[in-house]
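Following this line, the structures themselves.
Look for chain A in each of the two complexes below; its partner is chain B in the first and chain C in the second.
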Partner chain A sequence: MGRGALILLLSLAAPLAAAQQGTVRGEVRITVQGPDGRPVLKADRSGVVVYLTGYTEPPPSGEVNMAQRNKAFQPSVVGVVAGQKVRFSNNDVVVHNVFSRSRAGKFDAGKNRPGEDYTETFKKTGLIDVYCDIHEQMVATLVVVPNRAFAVTGPDGRFVLEGVPPGTHPIFAVHRRDERSDVSRAEVTVKPGGEAVVTLELNETRADDKHLDKHGRQYTPRSDAY
Partner chain B sequence: MNSLSARLVAAFMLLSVVALAVALVVTQRAVEEAAEEKIRADLTRTLDAFQRLSQAAQTRIKDVADAHARDRTFKDEALRVNSDDSAAGLDDGDAELEGIQSAHDVIISADTEVFGWIDKNPSIWAFFNVRKRLVFTHGDDEQVGKTVDNVPLLDRALHEGFASELWSPAYVRNLPFTFVPKTCTDMNTKECMREDDLLLVHAHRATTSGGENSLEQSARRPLGVVLTGRWVKEPLLENSLEKGSSGAALFALLAKDGTLTTSSDVPEQVRKRLVESSSDTIRPLKAPSDGGTPIVLENDSRDENETDSSWAFEVLADDGLYLVREAVFWDVHRKDGKDGTPIGRVFVMRNLDTEIKPILTGVRDWMMRTAVGVVLLAFVLAVMLARRLSAPLVQLEAAARQVRLGALDVEVPVRGTDEVGRLTGAFNEMVAGLRQRDQIHGLFKRYLDPQVVDELIRNPEKAAPGGERRELTVLFSDLVGFTSMSEEMSPEALVDVLNGYFERATEVLGQHGATLDKFIGDAIMCFWNAPLPQEDHAARACLTALRLVAVVDKLAPELEARGVSRLDCRIGLNTGPGVVGNIGSRAAQDYTVIGDTVNLASRLEGAAKVYGTRILVSEETVRASRGTVLARELDLLRVKGRQLPVRVYELVDVAGAPPPAHLARFAEGLALYRARHFTEARERFLSSPEDPPSRVFAARCEALSTQPPPEDWDGVFSLDTK
Partner chain C sequence: MSAVRRFVLLGVLALAVLPTPAEAGRRPFIWVWDTEIVPKGDVELEQWLWVKSRAPGVPERTSNYWVWWGPVFGLTQRLELAVPFQVLATRERTQLESFDADLRLRFNPRGDDSPWQGLLRVAYHHTIHTTQPPRLDANLVQSFETEGGLRLVLDLGAQVGLPALRGQEGPVRLLGTYAAGVSYPLIEDELRASLEAFGEIPLQGIPGGQHHFVGADVAWTFGRTWVTLGVMVGLTPLFPETPQFMPRLIWAVVL
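For the complex of A and B:
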């Protein structure tokens, strides 16, 4: 009832508030087990989604694109603001499927021939593991976050979150794809117009990368899976 | 039984009773101490056993929980109650609840041990997911999904993997969730609330599988915490009671919030004391100040006792003294060598009085029975001993009576060397002494003055035993004219006169300490310096002679008045060696003196007649008398039977008496006589016609002047008659 009015109020106040919003800048460090069993820092720190929780923002109007190419999702990790649409495009030469059994966004795109798209809207926040029912090796992760203050790291592990309202917020780093790690949680305090620096530590463990097909069964080798 | 025996028996009995009483008290005390010592030692052992048992029990509970947490069905459910979304902060409210709810439903429907069912009965059990949201409890289903904070045990288990605590019923009731059903149904009577018990709660972190080795520990992700509760009273306290060898031991467990549970009835005073004893060492249970820090026991004063040691104290209650041993109650000791965490206090106690009482009663009964036997035996022994002791005394008494009646030949047999034996010996000696005194009396009373006899009896060693050679002075006295007197008088009158004379003479002899040898008719023989030594024996003899003459002089006029002719006496004295002693056969003994000295004294007595004197003394006696008497040299005399001449003297008077005038003239005459001037000598002698010796010498000079002696005349006069 009052939600619309609130959003209206917020959107009206947005330009005013923008001047006072702050920035969170930082780095993600990923520790993996080296060949000798001792922890070492991982060189490639890409694919980590860093986000803040504690407040919601309306989703941007644009769609998030995730392509299927060479029997892989590209990019394999994306951040999505709750309510935003994600377009899955089959840019491959074979038929693909996209499905998820994750609680926050169960869907099944059916079979998409090359060149076909499938669009799904994710309303609930959560971690959504996306697979292809045909190709077991295809794995992607959607992180549906409550606001726009999120980033996906590049290989250097650095991130910048802009437009953060002042205050203290929980900050999370989630590393998904075929390697899994713990969720890293911290708190960050942002001052009006200020910049906060935070380093998040992730501990990557060898993943249990087995997953089930869209019916909850084990993948079976099939002839058309090429 | 006479009174001595009675007294002995009484004393003996008293002594034995006192000794037994002392023994009873001492034994009782010793038994008491030994029992107390043993109970104390037992307490320590019981406590150790309890600790081991409790460790074993806890380990078993832990292992069971561990095994259940590894169970696949459990894990399947546990995986569902944790949502990655929640972990990532992206739960919009029902992400986890769905999983929790469905897991709860599965657990409820599956009555397997894995989900806390034991023998179809629910155990006290609860399950939380990693964010401490309640997944399952046997309590209130409404609370499922509720986030439970302020339970430090949960935080510790999440942090450390395993933790234990002792919860009191009050604490359980105040938990933010229902862990133990408040009301008992028929189905779960065992596991409902118990008021006087403590709940031992193990919190166990469940994890995903994989990473069994330590390198991959991090691969295991926590799934939640399983809480397992056991009421301690039955499995720990009462089982210990059965397994512990000491039957009467009481156990108590004290939780950190000061709630006490005991194995059976413990008096209120003791309970209070137990709670107090720990209140100063244990801090009440409280939430950790910053999440996950384990609670540590505040125990500054007993740091050195932190490990398995225990300490003792005593509590005096209405029903006796309780010996208490106290120790820390640990949770399961961790495997990596670190100590466990103290979760409470354990007490083992025994009521000393009630335990010792039966022992003491037994000992006392036994002792009393023994004591009665010993007293009876002591009585018999005492009677026998008293008889033994008193028998010789009775014998002594009879002997003493005999002695009183004069039987000195009694001798009591001496038995043993004890006091009674010695007394008997002394009695025998006394009788022997009396016997000896009688003998001495009998021996000497005839010869000696009674005083001398007494002296001899007192100092028998002074009497010369047997024959002894020593210097003596011997006196012979004879009455002159006695023969004619016996003709003139009737024998009765003669005896009368003689007895009168001897009476006085004996008195004189006694006064001068003479030893009377014998009376020979009218003659007296006596001597000095034996049996008792007398330094002045010669002087005594001379004085005695003078006194005897005085006696005769005094007696003579009385007899003359009765018509008896003049009585006179002659005395011979000699000093020299002689053998003195009891001489004779055993039947007829005489204490007498023999030797040449005696013979000479007798000769001198006879020779006195020749010179017309009364007392004739040898030169030896004059010399030995050391000037106590006045003596006149008379002649050199060779008596019959002796070759050597003796210089003889007439005893005139005591020394200091005025000498008669004729003495000097006699001496001159004697000198002229010796110088062969017989004519001049004769004139000298004739000038003292009143002096008998002068007359004798005048006659001798007249004879010699007409018939001069040979040239070698030595002035010695030989006497051929006795």
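For the complex of A and C:
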């Protein structure tokens, strides 16, 4: 076979392979405890990371940005592919010290002034709790996933995962609001070029935002001027 | 009391007064400079206790005991500055020996994910109460770390003694140094075991022969503290002017 014919074959095969990929569409339902103690559906179902496992893909070349603004992380929930860089930009008017003590991605960005940033690469899959060493109220979550089939839900709890290879894959929904995460697991089968629909159920535990500073100590009370 | 016994006693005393809960060694070696630096805006208080024992080839030279103490400032994501002083003790006397201004510049900023990292160390060592002249030190350090955490470091340096800075006569003294180490994490982010080698080669104006050592270390990080403890053993049978032992305890607390 000539070289030209091989290139032609490959160029025809590439879109064919893409056409073989499927889509997973669905919804996350979150149950919380109502005032009377009975379970009720939560209205706001945003900030849930839904992702597939069972195969790996290289990370996108671009960076993900997690900014600090008004003493909060924006966005506060981010999904990244293992090996991807995350830029922590201080877009605030005060100094921040972003850090994590999580096993999957321990880091310490140091004290960054407004306008400065720090970039870290997350190579291991897992949940990474991100905090500020100066402002205890600042809490964010990075979910490092093995492939590009992930999404973060909006208020309606709906998600779409595209470019999924055919087969049966574990699917997870992670809703992390404190040291304990709510995790839901199911399986989804994707046919070549097809669309699978799945509903994931999460039971929200009571939030407890207490955490330690970057050295493992209780936070020291500070003036709000910082 | 022998040098080693005295060092161990000092080490035990030092550990006894460490602040509560500690976290893993920023530098896993006692002699090889490494490429990790203090996070920007942090200040670390670093202390060394170390000993240079006698050498069979120089029987008139006594054992020396040093305390190195100083703050280390994370100035930027690439640069840290240490401003230590050293106290030297011998059997006869204990006195302030030197002040240093020690700059360490990473070629890539902290957070860079390349397995290869480089660092340039430049230090001014101002001597007091000693016959040694002030000197300038420079080290070029290259580290490589695998995905599994195996760390290899090579550190090549030079020390330039400048008698003229203290109004003394005499030629400029030049000492070449090399150090290399390999370190492996026994417990990720907490405990490392390391092997290292170190040597000093007089190049100009320094009487005496070469010194060569090999050694082993253990480094532990806990909470606000990291501790590295190790012993260098002199290759005395091959180089008789090499001290037999150089144990060192380093511990640092983030303020």
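One rule holds for everything that comes next: the second predicted complex is superposed on the first by the 202 of 226 C-alpha atoms of A that agree within 3 Å, B and C clash if a C-alpha of one lies under 4 Å from a C-alpha of the other, contacts with A are read in each partner's own complex, and residues count from 1 in each chain.
To be clear about the criterion, contacts are C-beta pairs under 8 Å (C-beta built on N, C-alpha and C of every residue); 3 or more make two chains touch, one makes a residue touch a chain.
Quick caveat: nothing in here was measured; it's all calculated off a predicted structure.
A.B. asks: Given the alignment on chain A, is it a clash or a fit between chain B and chain C?
C.D. replies: fit
A.B. asks: Going by the contact rule set out at the top, does A:Gly194 touch chain B (first), chain C (second), both, or neither?
C.D. replies: In the superposed model, A:Gly194 contacts neither chain B nor chain C.
A.B. asks: Which partner chains sit in contact with A:Pro58 here, chain B, chain C, both or neither? Use first/second/both/neither.
C.D. replies: Neither chain B nor chain C is touched by A:Pro58.
A.B. asks: Is A:Pro170 touching the first partner chain B, the second partner chain C, both, or neither of them?
C.D. replies: Once the two structures are laid over each other on A, A:Pro170 reaches chain B alone.
A.B. asks: Quick check for you: in the superposed arrangement, does A:Pro75 touch first (chain B), second (chain C), both or neither?
C.D. replies: In the superposition, A:Pro75 touches no partner, neither chain B nor chain C.
A.B. asks: Please give the least Cα distance, whole angstrom, that chain B and chain C reach in the superposed model.
C.D. replies: 7
A.B. asks: Kindly list the residues of chain A that each of chain B and chain C touches, one partner per complex.
C.D. replies: Touching chain B and chain C on chain A: residues 103.
A.B. asks: How about chain C: which of its residues touch chain A in the complex?
C.D. replies: 21, 23, 39-42, 74, 77, 109-113, 147, 188-189, 223-224, 254
A.B. asks: Can you list the chain A residues touching chain C in their complex?
C.D. replies: 85, 95, 97, 103, 106-112, 118-121, 123, 215-217
A.B. asks: Which residues of chain A touch chain B in their complex?
C.D. replies: Against chain B, the touching part of chain A is residues 33, 37, 53, 103-104, 124-127, 143-146, 170, 172, 174, 182-183, 185, 203, 205-206, 208.
A.B. asks: Can you list the residues on chain B that touch chain A in the complex?
C.D. replies: 83-85, 87-92, 95, 98, 210, 215, 218-219, 221
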